[in-house]
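Okay, got some structures for you below.
Two complexes, one shared chain (chain A), two partners (chain B, chain C).
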Partner chain A sequence: MIRDYQAVLDRVTRVGKIRAALLVSTADGIPVAEVAMEGLEGRVVAALAASLARRVERAARSAGRQLPVFIHLQGAEGEILTARCGADLLMVAVTEPGVNAGLLRLEFHRAIELVG
Partner chain B sequence: MSEDIRVMTAQLAADPTSLVFLALGEMLRRRRQLEAAQKVALAGLARYPDLPDAHDLYARILGDLGDTERAFDEWEIALRLEPGHVGAHKGLGFLYFVGGDLERAQRHLETAFAGEPEDEGVAAALERVRIGLQEDIAERTTLPIEPPARATPPPPPRASGGGAPAPAPTPVPRTSVPATVSGWAMVGDEGIVLADLQGHRLAGRMRAPTGDDVSDAVAAHLAAAAQEAARAARLLGLGVWSAVVAESHDGNLLVTTPTEDSVLALLRDTSMPVARLRMLGDRASTAAREWLEDVS
Partner chain C sequence: MRAIEPWVAGPLETFLSESSARLTLLMTSTGQVVAQHGFTRAVDVMSAAALGAAIVASTEEIARVMQVPAFRALTHQGRMGLFLSAFNAPRGRWIGLVVYGRDTSLGLVEVFFDRMVEDLRGAAPPQAAPKPVLADDFESELHANLRTLFGR
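Right, the complex of A and B next:
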């Protein structure tokens, strides 16, 4: 496990079309580390992503499923991908539309192994 | 460096305007010298930005590099420049095939095949796509999601009222209809729920792995998830949200919005690829929208 969160997030941004990459505390929705915040405020992204993840997690749990590993929101002008990094952290990427979601997921997997 | 490559490189050096870059780039690509191939293609594109073959070459190199998204873009550019470009149709056909969009794959591959009927690779791909489409149709006959066919007794066809023609019925046994709302378009599916934004279930049913009926609980949480998705999308400048996928180790949940007042959840086990789940979600969403229009 490593704690160089910035280095981990830097790797995520190499996927391309990343507007923001963050590690967020799941307990309070506060950013722990952030990079490439292109016109976005870290605290806002963190709070919204954590809240979205909580709501979607509840929906998945209500269907009798385990906690989601990935949550992917698609919008007309961009996307959000979140992934649980252990019990305490949420990895978040806000992207431009048309990001290579497959590559981003792979990078998230690697990042989770490093952080989680 | 092979003799061919050496000769073409020398030709290009002597005359940078030469179209030999196309052959050179392709040869480098085939020899897996992708970095060199990319340089050649980009230099050629800089000189000939309106040459479809140059975009096609670059797309193939990008495809080999695993950058299918940009490859897609390049082939689209090639088609805009030359709508019948065989290489671009072939490339897009393969990409759509890999992406699971068999209908689009078939259209592109048929166009490519018409242009190059002797291309065995295209012929084989087209055959695979056709088989896949047949399997898809066969599967749809047992798919739990039915396009907006009516529960018995059927209402008058919409076509008679001057609207759109009534959709063709799908051969799904009507006897297994568990619809909670008369006429709902989902037959026998226990992994789909439609709700309003107040969290009331409108139709559908969902069961937990334990067998418990969790339909109403899911509907209640769906509305909250949808509202949060809308809020995040709006405040982060992501435009209108179209779908949220939650991937768990024991199932994937797709949330989408058939209309601005409704939200739909589709649950499948992890054996179904997420891209396929999205396609299924699109169909379900369309069916739900039409059903909502009918009952409202």
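Right, the complex of A and C next:
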């Protein structure tokens, strides 16, 4: 396990079309580490992504399903991917449309293993 | 939600719906209540306003003594969260006190609180000419404001 969160995020951003990558405290919706393009407010992304993940997890729980491993939200102007990193952290990527989601998910897997 | 100044209502309602805050109190830096949501008893509002203003005054004084910039916000986290922040409003320095539950997060409260502050700055009408400190209608206005805040 490593605690160099910035290095972990740097790996994620090597996938093309990434506008921001963040590790977010799930309980608080506050960024723990972030790499973001100019003009993208990390704390806003963190708060909204954590809220999205919490609501999807609540919906899954209500439906009697397992908690989602990945959440992939596609919009007209961009996409958001989130994945749980243990109990306390959420990995978030904000991307341009048409990102290679498969490659990004692989990088997420590697990053989650590193962060623990 | 009850507000003494009508132009405060819109920004505050947006904040409440976006942040899912349980209790919210907007007050001046002297503890005078401007708007409230979620409180049912006048005594609770007045106590919270007085204590919130006192906490902000204390932390600003600590910052002054320590020769550091004033703290932007103060948060307490437990079963419920408490967020307290002073900001420059069109009518002077105001304080926001927010209590939130587990259905939201500190990040969301912070983000939408900052948006509310921006909305308040945009919503404020031009200030009317100042009245005398104790105007003729002081008593009736006081009662009207209390009725507005507590619906009595």
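The definition used in the following text is that the second predicted complex is superposed on the first by the 114 of 116 C-alpha atoms of A that agree within 3 Å, B and C clash if a C-alpha of one lies under 4 Å from a C-alpha of the other, contacts with A are read in each partner's own complex, and residues count from 1 in each chain.
To be clear about the criterion, contacts are C-beta pairs under 8 Å (C-beta built on N, C-alpha and C of every residue); 3 or more make two chains touch, one makes a residue touch a chain.
Only a predicted model underlies this, so the values are computations on that prediction, with no experimental measurement involved.
Overlay on chain A: chain B and chain C fit together in the combined arrangement.
By the touch criterion defined above, A:Ala59 lies against chain B but remains apart from chain C after alignment on the C-alpha atoms of chain A.
Of the two partners, chain B and chain C, it is B that touches more residues of chain A. Residue contacts after overlaying the shared chain place A:Asn100 against chain B, while chain C stays out of touching range. With both structures placed on the common chain, the touch criterion links A:Ile80 to chain B but leaves chain C unconnected. Residue contacts after overlaying the shared chain place A:Leu114 against neither chain B nor chain C. In the superposed pair of complexes, A:Val44 makes contact with chain B and with chain C alike. The angle formed at chain A by the C-alpha centres of chain B and chain C is 120 degrees to the nearest 10. Looking at the shared chain after the overlay, A:Ala27 reaches chain C, while chain B stays out of its contact range.
In the overlay built on the shared chain, the residue A:Ala36 is in contact with neither chain B nor chain C.
In the overlay built on the shared chain, the residue A:Leu67 is in contact with chain B alone; chain C does not reach it.
After the two structures are overlaid on chain A, the closest C-alpha atoms of chain B and chain C sit 9 Å apart. Taken together, the two complexes place residues 44, 48, 51 of chain A in contact with chain B and also with chain C. On the chain B side of its complex with chain A, the touching residues are 66-69, 206-210, 212, 214, 217-218, 220-222, 224-225, 227-229, 231-233, 235-251, 253, 255, 265, 267. Those residues of chain A whose C-beta lies close enough to touch chain C in the complex are 24-25, 27-30, 43-44, 46-48, 50-51, 54.
Within the complex formed with chain A, the residues of chain C that make contact are 77, 104-108, 110-111.
Across the interface of their complex, chain B is touched by residues 39-40, 44-45, 48-49, 51-52, 55-60, 62-80, 94, 97-98, 100, 103 of chain A.
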